[in-house]
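In the two complexes below, subunit A is the common chain; its partner is subunit B in one and subunit C in the other.
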Partner chain A sequence: MNKAVLLYTLKRYAHWYTLLCWLLGLSSFAFFVSILLVSRNNVTVDFARCLLFGPLVPILVGYNMVVPQVANSQLRKDGEYLSLLFTRPLSRCSYVITKWASGMLAIVVVTILLTAMTYGILFLVQIVFQQAAPENLLDGYAVVDALCNAIGYSALMILISSIPHPWGRITLMLVIWSAMFASSTMSAISSLADYLALTDVARPLSALAQITVSVFGVSIDSYHIVNSGAFPLSNAVIFVSNVVLYLTLSVFIMSLREFFYAND
Partner chain B sequence: MPMINGGRTNIVPGSLIIACAVLMIVRCAVICYRTYFPAVSPRLSIVWQAPAELQPQRRDLLSRPTLYFFCDHSHPVASAISDLVAGVIFNNRQIVQYMQNNFRLIKVDSTSHNSDLIAQLSRKYHYYSLFKVVVTLVDGTKIDSCDFDSDRGFMIFLQNAYSERRFETAAQTAMLDCDFKEASDAYEKIDPKRRFARAPDGYEIYWCIALLRQHRDDEAKQILEKSLASYRTHNSDDAYPIPQIRYLLGQLSQQQLIDRGKIPANYLIGEQLMLQGKTKQAAEKFRLAGAKNQSYWLPCRLARAELLSLGQELPKDTDEDKETSTTMDDYDY
Partner chain C sequence: MTGGTFAGVTTTSVLSEKETVVPAILVEGVVKSYGFGRFKALDGVNLRVESGDIFALIGPNGAGKTTLMGCMLALLRPNAGRITIFGKPPDHIDVRAVTGFLPERPSFEPWMNSLEFLRFHQMLAGRAGTDTARQEIQESLAAVELEDVAKRRISKFSRGMLQRLGLAQVLVGKPQLCFLDEPTSGLDPPGMDLVREVLLRFRAAGVTVVVNSHHLDEIEKVCTRFAFIRRGKMETQETISSITSKMLIAKWVQGKIPEADLLLKAVSDCGVTLAESNDEHAKILVNARQDAPAIISSLIHNGISIEEIYFDRRGLSDLFKPESDRRARKDLNDETPARI
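Our next item is the complex of A and B:
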């Protein structure tokens, strides 16, 4: 961990204008979520829960926090901030871990703020319209989901941001989506093979599909993990393995990159 | 020439690589284990009973309710959709446990051999195709139904049906049967927090009538005073059910009550007259309350039920009534 990188990454948002923009954005988001919750329909409450504790907030916040272009407060082209940084004796691993930690911290803070704002709005609604807030929103599962998503998605975002060229990042995203599509196709084929009693084909295909999709499936839904019939420990192993894999790949990619301050 | 000494700063730590490799191996092993030795799905542990004839004569309304799972295996598409939806909700251990502990589970497969009974159940509970879950009282009165939901939503549906709507439905059904003991027992079981948190529904009125008919006046008065205070915090004095409660507490006259709504007023006055032993006058009031067949409205249905229990004829429905008349099952009251 590098204290300077951590403080810089977080402190560059401490400008009043940036904070105001974030606050307005978060308030609008919380207002939208509150509308969904006030309807008290199971589908909208599920959706609101997914918006609050699901992958959307970690992806948006994590990306903003760790991508170097955005990290550069002067909005210079990619490499400027890093080339300044890596002229110092700073290990790439330390940089990656610090960025990961700052991403996590920011996601957790934003999630807490959003939840507090949503409950604040719901409290006002309760006072004015006597419409009680849903009781099943903020529970242990929600807290676990929020924490796991903060850990997982900030690691995935740092992997994506470590790719040097913007097109490289887009390509990685496409690879992720293609792999997910391929794995779902494989699952379908394995289901068909299972239906046709071709167990020898179905099981290896199913295992391969799961291994492929699990590399990109960093999202956690603890409620389903705990209550499903599947082996719950496997999800925990996959999650930890993914986080370590993303960090290792990020360090590896960063260590291959070279930064030339003189070229700018 | 690179400006960074690669030997010092851009090295990938060996511990990270080893941890990554070990976790990848464990991951592959876990997934292969999960594939070749799959855990038993909670869905398979559900013991479904075959559908049986409805027993509308049963009066133990608070006993274990019935959960009907309607599914369709008449053609491959319907079968696939039914199985998919069932897979989403019945592969949840919590749901399966809750169902097994609290409900009598009956599977109604449209392709099963007992087609008359299946058709009768499908008609009664408005099942047409694919998938539906219906929760009923032991006598077959519908409590609630669900066509499709996520497993989280389905769990909420089950909890609401079992611990809230079941008692409301049982209480109303018992009131319609003039079984006041069963009705007051059912009303008593509704969670007070939930009852007072909802929009004004006035269940306390019927609960009190059930108590008054059993000569439990003190309990009735206590409930009325408590609910009046609760309703008054959020509503004006003329809003339902405040005048009705005040009438039962003796704070309003008959005329003042009638000015605020005729059907519930006539029903409540009829009940007061019944308590005073004035059966004939009570029947007249019930006839007024049940004159227009608004079967979705509880006071009207209760007035008609009272007329039947008194051995009186029901007021004749007009043609308009017949057209607009609906049954209890048409409304999620």
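Our next item is the complex of A and C:
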């Protein structure tokens, strides 16, 4: 981990303009989540919970904060001048790990801010309309899931952004999102087939969904891990191995990358 | 131990005695191609830069200078050949700790101000936290005359100011080896003087510098050696003085051709070399322009009638002329002994 890169990356996040943009965006997001929560409908509350602690926030933060700092794309004005950085005594491995850590920190801070804002709005609603906040919004599972999402999605974003060509980045992103969408669809169909006692359909679909998740999954369902009977640790192992795999791949790609600075 | 005094601070080398005897840069048979080998940007390039050299890389556009610099900085990987910097691979952390680099087109973090930017690079170079760290930043800013805009955001900087800041960024790392790509690009005349001054101070401090520039007159003033590269191949590696040596041409008064012995005596009395002589003129190789009055005086004193005397100065720009012109000129200069 490089102290200078970490310090200045965080300093960059804390720039007043970035902060202002993010605060405006976050307050709108928190307002939307609060509307969903005050409806006190189970579906909307679950959806709001998923918005707050699910993959959306890590992806948004990662895409807007981590990617431009690593991609070194001329299209983004704020892209770092990597060719100049890598002439300094800074290893590419150290750079990747530092960026992952700083991305993770940014995601955690944004999630905390968002949760605090949501609770703030709910508190105001409680005072004005005497309507209590849902009790099952923030629990230990939500905290663990949010933390794991920050770790996992930051690694995924680093992997995506380490690819030098913009189209390469877009392709990888599409492949991963498609795989995750396919996996959740397969899981849903498998559950339905299981309910209808169609075991010949349910088992292969479930296996395929598991395999897809084992390759691309960077989030965790802590409730499932704690309460599941069979192989409760398998999801955790998959999560850890995927984070390690993504970081290793990022370091590998960054080590192979050439920086022809005249064309940066 | 290498080192010296620069910007008021004494620099000492982190390299051991053993490491300083090896050349600063050694490039052996480097090949670099693009487009799956379709275009060879570098084709078997060999280069040797000694410690303390102010070395110029010159050549026409697209010759491969930037690619060579990129390979020496380990930003590009050669397809074949070997590069060592102070006897180590160019991507070695120890090498990077003593390397400074000024890119051709500086595009730094626009949200930082000059002070933050220099502090960041000082930290990256591992020089932050020392007693003199703050002073070194101030000195670097002063060296490029940017003290007044130390707290101005980089996004508000002009092209020339960015170039100066880039140079300050090189200085703040206290390098022992610098790669400067077009350091005078976008600079006004005072800015160019400033770069020259910095290079001269580097030379005095024993810092090895590799400069890639098209400002040949500036190179002639500050560099000690140069390499000329064309179409990815190294054509020449010489000292600057060998290519910019000054030739004094003395034309005889019509019909008054001096005797050979007399001419040789007149020239040798001044401690200079007679390069060539014929029925029309003599070419005398002088060490410095200041030698001219003594030579004229000696020629007149020996009774030689001169109609006209002037300097014909070879320069680096000659290297850019078509090969046929240069060969003809080289043949003319290589004709020894002089015809008398």
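Here is the rule we go by: the second predicted complex is superposed on the first by the 208 of 264 C-alpha atoms of A that agree within 3 Å, B and C clash if a C-alpha of one lies under 4 Å from a C-alpha of the other, contacts with A are read in each partner's own complex, and residues count from 1 in each chain.
Just so we're on the same page, a contact is a pair of C-beta atoms (placed from the backbone, for glycine too) under 8 Å apart; a residue touches a chain by one contact, two chains touch by 3 or more.
Quantities reported herein were computed from a predicted structural model and do not represent experimental measurements.
Student: So, does A:259 touch the first partner subunit B, the second partner subunit C, both, or neither?
Tutor: Touch status of A:259: both partners.
Student: Figure out whether A:214 sits in contact with subunit B (first) or subunit C (second), or with both, or with neither.
Tutor: first
Student: Determine, under the contact definition given at the top, whether A:46 touches first (subunit B), second (subunit C), both, or neither.
Tutor: Only subunit B; A:46 stays clear of subunit C.
Student: Tell me which partner touches more residues of subunit A in the superposed arrangement, subunit B or subunit C.
Tutor: Answer, by number of touched residues of subunit A: B.
Student: For A:90, using the defined touch cut-off, is the partner it touches subunit B, subunit C, both, or neither? Pick first, second, both or neither.
Tutor: both
Student: Determine, under the contact definition given at the top, whether A:15 touches first (subunit B), second (subunit C), both, or neither.
Tutor: second
Student: State whether A:127 touches subunit B only (first), subunit C only (second), both chains, or neither.
Tutor: So A:127 meets neither subunit B nor subunit C here.
Student: Is A:3 in contact with subunit B, with subunit C, with both, or with neither (first, second, both, neither)?
Tutor: Touch partner of A:3: subunit C, not subunit B.
Student: Touching subunit B in one complex and subunit C in the other: list those residues of subunit A.
Tutor: Residues 86-87, 89-91, 258-262, which sit in both footprints.
Student: Where on subunit C does subunit A make contact in their complex?
Tutor: 66-67, 70, 73-77, 93-94, 96-97, 99-101, 103-112, 116, 120-121, 123-126, 128, 169, 173, 179, 181
Student: Looking at the complex, which residues from subunit B come into contact with subunit A?
Tutor: 2-6, 8-13, 16-17, 19-20, 23-24, 26-28, 30-36, 38-43, 91-95, 149-153, 156-157, 197, 199, 234
Student: State the interface residues of subunit A toward subunit C in the complex, per the touch definition above.
Tutor: Touch list, subunit A to subunit C: 2-5, 7-8, 11-12, 15, 17, 77-78, 80-81, 83-91, 258-262, 264.
Student: Quick one: which bits of subunit A touch subunit B in the complex? Just the residue numbers, please.
Tutor: Listed in rising order, the residues of subunit A that touch subunit B are 42-43, 45-46, 86-87, 89-93, 130, 132, 136, 203, 206-207, 210-211, 214, 223-224, 227-231, 233-234, 237-238, 240-241, 244-245, 247-248, 251-252, 254-256, 258-262.
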